[in-house]
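The first chain written gets the first letter, and so on, giving A, B, C, D and E; residue counts start at 1 in each chain.
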Amino acid sequence: MTTLSDPPKSDFRIGMLLSDTRYRSYTFQFIALMAIILSVSYLVSNLLANLDRLGQDLSYEFLGAPAGYDINQQPIPYNSQDTHLRATVVGAMNTLIVAFLACVTATIFGVIAGVLRLSNNWIISKLMSVYVEIFRNIPVLIWLIIIFTITANVFAPIAEFRIPRDGSDPARTLIFGVMAFTNQGVFVPRLTFDAGGMFVFWTFIASIIGIFVYKSYVKKHLFATGKELPFWLPALAILVVPTLVMYLVLGRPVGVQLPEMGRFRFEGGLQLRTSFIALWFALSIYTGAFIAENVRAGILAISKGQTEAAAALGIRPGRIMSLVVLPQALRVIIPPLISQYLNITKNSSLAIAVGYMDLTGTLGGITLNQTGRAIECVLLLMLFYLTISLLISLFMNWYNNSVKLKER
Amino acid sequence: STLDEVKARGTLNCGVTTGVPGFAEPDANGVWQGFDVAVCRAVAAAVLGDGNAVTFVPTTGKTRFTALASGEIDLLARNTTWTFSRDTDLKFEFVGVNYYDGQGFMVPKDLGVSSATELDGATVCIQTGTTTELNLADFFRSNNISYEPVPIETGSEAVQQYLAGACDVYTTDRSALAAQRANFETPDAHVLLPDVVSKEPLGPLVRHGDNEWGDIARWTLNALITAEELGVTSANLDAESGNPEVNRLLGREGDLGAMIGLDAEWAKRALAVGGNYGEIFASNIGSETPIGLARGLNAQWKDGGLLYSPPFR
Amino acid sequence: MTDTAVNTSQMQISDEVAISIQNMNKWYGTFHVLRDIDLTVQRGERIVICGPSGSGKSTLIRCINALEEHQQGSISVDGTLLSSDLKNIDKIRSEVGMCFQHFNLFPHLTILENCTLAPIWVRKTPKKEAEETAMYFLEKVKIPDQANKYPGQLSGGQQQRVAIARSLCMRPRIMLFDEPTSALDPEMIKEVLDTMIQLAEEGMTMLCVTHEMGFARQVANRVIFMDAGQIVEQNAPEPFFTNPQNERTQLFLSQILGH
Amino acid sequence: MTDTAVNTSQMQISDEVAISIQNMNKWYGTFHVLRDIDLTVQRGERIVICGPSGSGKSTLIRCINALEEHQQGSISVDGTLLSSDLKNIDKIRSEVGMCFQHFNLFPHLTILENCTLAPIWVRKTPKKEAEETAMYFLEKVKIPDQANKYPGQLSGGQQQRVAIARSLCMRPRIMLFDEPTSALDPEMIKEVLDTMIQLAEEGMTMLCVTHEMGFARQVANRVIFMDAGQIVEQNAPEPFFTNPQNERTQLFLSQILGH
Amino acid sequence: MAQDHSTAFVRTQEIPPAPPPPGETGAVHWIKTNLISSVPNAIATAVGIYVVYWLLSGLIPWIVNGTWVTNNIRECREVLAGSGGGCFSVLTERYAQMLFGFEYPSEFYWRPSLAFALLFFAVPPALFPMYLPRWMLIATGLYPFVAFWLIWGGTILTPIGALAGVMVGYYAFTKLDKYGFAAALGGGVVGAWVVWQAFGMIAGGMPGFIALEAVESRNMGGFMLNMILGVVCVSLSIPLGIVLALGRQSSMPLIKIVCVVFIEFVRGVPLITLLFVANVVLAYFFPPDSNIDLILRVIIMITMFSAAYIAEVIRGGLAALPTGQYEAADSLGLNYAQAMRLIILPQALKISIPGIVNVAVGLFKDTTLVSVISMFDLVGMIRGPILSSTDWAGVYWETWAFACILFFVVCFGISKYSQWLEGQLRTDRH
């Protein structure tokens, strides 16, 4: 019948730029574009004028120059003769380390607090409310500093662990002979891997995967035969036995290195610096309060009817949790949870307040300062966080789409 | 130009530390006092005629250069070391040296350390964004010993951490170490190690590019030094003098002020605020004060020190 | 409705006791919800419970299923005494199926998964067998073709039928219904009631809270009227509707039959 | 309804053209919603549009009001050609009032404010005058006493009447209705239809999408049947209902008159 | 037959409700169900009680034995003599510094205090629109100008001029909105700008006209600085957020892209990096001789930051409106600007209030980050001048507890309000 053809063209008058809906939006966009170009070029011209006045230029060459400063926490080897770029990478890794760990612990805190807040024990639920309200309503920076202050002033001075010069016994020794809480950080044992150590390590990883495999086997078996196999005991065995066997077979290639007092501090072992602990803990406990709220809201969002229906079918409370409530609650909880992870990552930039050498401390701090390359450094810094945010948001969109409940 | 801006504004924006006793610190009434502050006041007096026409902007080791580069401050008098890269790459102009210093280490006495080379494995508090941070890395590397750096933003926080025992050693310019130790509850429990690991010529600086303004700052500082050399003190500013250089300095002969865009009495006003270099030194950080620094390198050249002002001619 | 099926209220019922409630009392805090409830249900009996809102109908049948605790008196189901003993509760719940007003299907599971969840995890039926049973009951409630959809994709009436099928998959000997049709649009009520009638015809013991008087007439052996936590009157449907004894029953009937 | 008022379909209509649509086509993306629509409406004519769901009825009347753009053909209202020229659009919108299925009252404004908003801001009528006009029309739709309530406090029927009054306050010469009664409970439909009949009696040009066939019989000069984006049949109500020509019309009428 | 069985009976009289059996009500019952209903529950109770005891046993002596009168930490320690009390004298001595910073002239403390007190008259009309008459919104509208004048001082002509500019701009906007949104916006901005220029000249000429002594921005500090940043940035970011949200909904691709990029960019980076921008980068983008001070640059960046978050909240509000509202406005002949101002925004903003309040609380907490770029807000004051002073070095708990209490009271209050408001909106008559 009819075919698609262009609408009749009316003659163009200049007034139509404003009065005609077809051209109007072009006019506005053009004006907007001009305004944007004008303001951007104004800013850029100011920038150039200022750079010119100060005799500076924009260049990233400084990234190749030796950094000259030391970083105390080095996930990859680094010394002061390495480049600023490497210092930047070290900082970025430190950011990711603390952000990742904080995400894990914040989730743990949050889930515990959120669930306990719903507990029928009055004291516990009230205590959790107090925790949530107090931590949510006081700036994270203050918590960070308070926790930093606690570690620096409440933990025992490391001097008390030192061997006095007269050779007498130190005032304090390692707790259980393995770890020490001091005002310079927490010292814990570290695993050392000999030649075959990696095999043991990978065996251990494989065992963890094995537990999940076993779990799905248990389910499959139940589905197939209606017999439920025991889970916890075999899981424990899977976790321990292969690793142990590997360890013994390979001739004990994994050792434990205990912290040992040197001249000034513990050597060997693993040192968790106060700045790291403060940042990690502050981010976890602060964000945990928010996550607790999300968890609580998620569980409350599952109507009582769901639990009752499951109970009426004879399902036991534990199973009701795992089969009915959690799968639904997670859909509600996970999106806000991911944005909390995003917040943790962004808030980890507060590291600078306690001297933890994350990206903000290296690139945005010392490098910026020693080189004076403010614009370049800040730009790079923003780019890094932006990339992480976008990745996390992409993941979140994907997740949201994949769990959307089917509706009519 | 900066001079016009400052005159139009009526106050001098001067960057100082966030607080180092004797060098720059607000007193109980909130009035800034100190050795670096005196330089600011002298410049303000020379330019504006009023030593109190200064807005002090506290800066940390990190923020100081951006504050100066962005024009937030006109002059930075903040125990800043004159280095090659700051002068050239960061595009600043050091107008002189008001304190010849070197980097040192402070440790608690009962740590039983007598030299910096014994510090292998120690935890060291440093201020980030300073030369001391870089010197420290160099020192330990060249001596092939390890250390654990604890980077900290401001001097006062570094002191807090040090006193809390969160670091074993605190390192910065020896002058600042001495000044801060003087404020300790028990100064005697801490010692400065004899090692001086760097040269730290500290002086005021301005932005590159405005040489007139740089000249004013440079010659105000020189005026303070020359005045001491010539025996001009805040007490005898009005006394007749037979020395032609004194008369030139105080504007009684010639017109040096006009050459830098100021009036004849500029130097006299600058000297009237806190006196000459020696007076400023003595009243803020000298041996009579709690800080108790000796003149040492900072004596006049005639007395075997390094202070040597070009002539006023 | 009455014309579509045989009137089941005349069907034979056994004299085995399915549920026996003796002198049961329940309080919420200080509020006395159920007072001195005495009720014996024979196997195969179909009982309709009605009464004004808040009279404790839901509470009563929820007590039978141990969804609520009672504080005094005894309830026993199929000879098992309902106590706080977990084993007894489990036993009773596996005997008794329940349908709720708001269906309470599990929205994250397909219809088939909804129906097989409990058989697999509680009864430990192999999955395959459980699915076959589920399909059998889904066919019975006439929606086998929806098995792989999610509850959100079905209409209210279909959801309620799934809920019934889900209960049946546990092969209960007694079914409790709590106003199964009151959240439904009028055109869907019929399909659910038809399903329930079919169940009744097969001889299932049923306790049903409902205000569908047509259903009561057609299906019930006995109608129980509750008010203020008490069983005020109980009788076979005919005498109950035509000749209520208690004045509150009369009032109530005049209201609900009025419109 | 037919008994409450005169049958207006016999009223005189002028031969001035109010709306003329020629060869109009519209696509949503590649979906051809309206095909070759030709329609001329005389001033004073009352047209009822009916047709199955998705046939493009709403789209058609939304095009007349420039709520949707058409891609081919021309629409002119009162001699003003509907183009993308803003001035024309404004002109047409001030000539044409529209009522929606869901009333679309502004919930944050009182009834009176709803009615005076456009006159004040578009027509620049002084507030006082606008309020007088508003009260006049509110009286006409018989709810002057609700003037200071908020829409949320009124029943659906009242809201729809307010929506009509709101349109009338702009003193349109043409009124468009898009299923004005289909979101209403049965008991409210009548009050709205009465209002519309009253409007019709006063000689308003009306285009009304509705399935109220009683209304169509009583009021319309012409009934238009649309299907799949086309005008399939148009005729005066009597012949349309009693003797539909097109087979799709027959089918449709048998369905909607069936229940 | 069905009637055969014997149980049928009919109650003839009502039995009165019996009192619940003992152990079903009262304190004992409460304890039984809430504290010791099972063994794990009882253990949890024990743990909970122990935690509470532990907290209180530290807290109570600290507060009860605390001293409020000494002059420095050494005196304080002598007075306390190991009693476990707190040195609250740091608060009595330094509270003014913590509240106002150390450079705000002490004789003018009454000015910010008054401004703060006035906040309680200015805010309720905006937050409780359903309970207070509309005209009280005038107080809200006037407040920023009054507060500005009180805190910064200077001639009264400055705030009057600013107010006049805003009013002229708004007037121009309403008059021009029949020509379209862009024209109205442009006209409003130009109108306001002209008035500001004019008043700028007048005020420049008469700096002493009804003047309070001027205080410079850099002298603002302490909790006052947090309040200023919070209040100023949130109020400024609401209009900006509205514009961004509308832009993001726009059908014009260019405008939409610009808004989306801006919003996502700002939301993707930590506030600290934006503060770095304010601190070290922004000055590069201003003309060489303009001397925009740090607090202003910080306000610019924080405003942009919160505007992006508020834009997202408002976008949610806009999305929640049915399209019918837009269509009804269109069909009545309202143009875009009118439809937005009269129909869409009033409803969208109302829905968005709880979200905006949440953003505001978060932002207020985040104002403490300015201490990282060496501004002396409450946190900066404590970390810097107070804890590093010889007198009070080492009194962490007291000072930080003070800071915590200040923030907690404000933030908790606001978030409780927001919860209340959410409930209110849910049960609204619509």
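The rule is simple: a contact is a pair of C-beta atoms (placed from the backbone, for glycine too) under 8 Å apart; a residue touches a chain by one contact, two chains touch by 3 or more.
Chain-to-protein mapping (UniProt): A = Putative glutamine ABC transporter permease protein GlnM; C, D = Glutamine transport ATP-binding protein GlnQ; E = Inner membrane amino-acid ABC transporter permease protein YhdY.
Bear in mind the structure is a predicted one, so any value in this text is a computation, not a measurement.
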item: Shared interface partners, meaning chains that touch chain B and chain E; value: A
item: Those chains which touch chain C and also touch chain A; value: E
item: Most centrally placed chain, judged by C-alpha centres; value: E
item: Size of the rotation, in steps of 5 degrees, that lays the CA trace of chain C over chain D; value: 165
item: Chain pair with the greatest number of C-beta contact pairs; value: A-E
item: Label of the chain whose CA centroid is most distant from the centroid of chain C; value: B
item: Whole-Å separation of chain centres (CA-atom averages), chain D against chain E; value: 48
item: Chain centre separation (chain B, chain D; CA means) in Å; value: 84
item: Interchain centroid distance [CA atoms averaged], chain A/chain E, Å; value: 27
item: Whole-Å gap between the CA centroids of chain A and chain D; value: 58
item: Shared interface positions of chain A, touching two or more other chains; value: 18, 24, 53, 153, 352-353, 368, 374
item: Multi-chain contact residues (two or more partners), chain C; value: none
item: Chain B: positions in contact with at least two other chains; value: 66, 69, 153
item: Touch relationships between chains, expressed as pairs; value: A-B, A-C, A-D, A-E, B-E, C-E, D-E
item: Chain C residues within the chain E interface of the complex; value: 9-10, 13, 15, 25, 27, 29-30, 32, 35-36, 38-40, 42, 71-72, 221-222, 228-236, 245-246
item: Touching residues on chain B, where the partner in the complex is chain A; value: 61-62, 65-66, 69, 89-91, 108, 110-112, 119-123, 128-129, 133-134, 136-138, 140-141, 147-153, 161, 164-168, 207-209
item: Chain A-touching residues of chain D, taken from the complex the two chains share; value: 25, 27, 30, 32, 35-36, 69, 71-72, 83-87, 89
item: Chain E - residues contacting chain D, complex; value: 322, 324-325, 327-328, 330-335, 338, 342-343, 346-347, 350, 428-430
item: Complex contact set, residues of chain A against chain B; value: 53-56, 68-72, 79-81, 152-153, 157-159, 165, 183-184, 262-265, 267, 274-275, 352-353, 355, 357, 361, 365-366, 368-372, 374
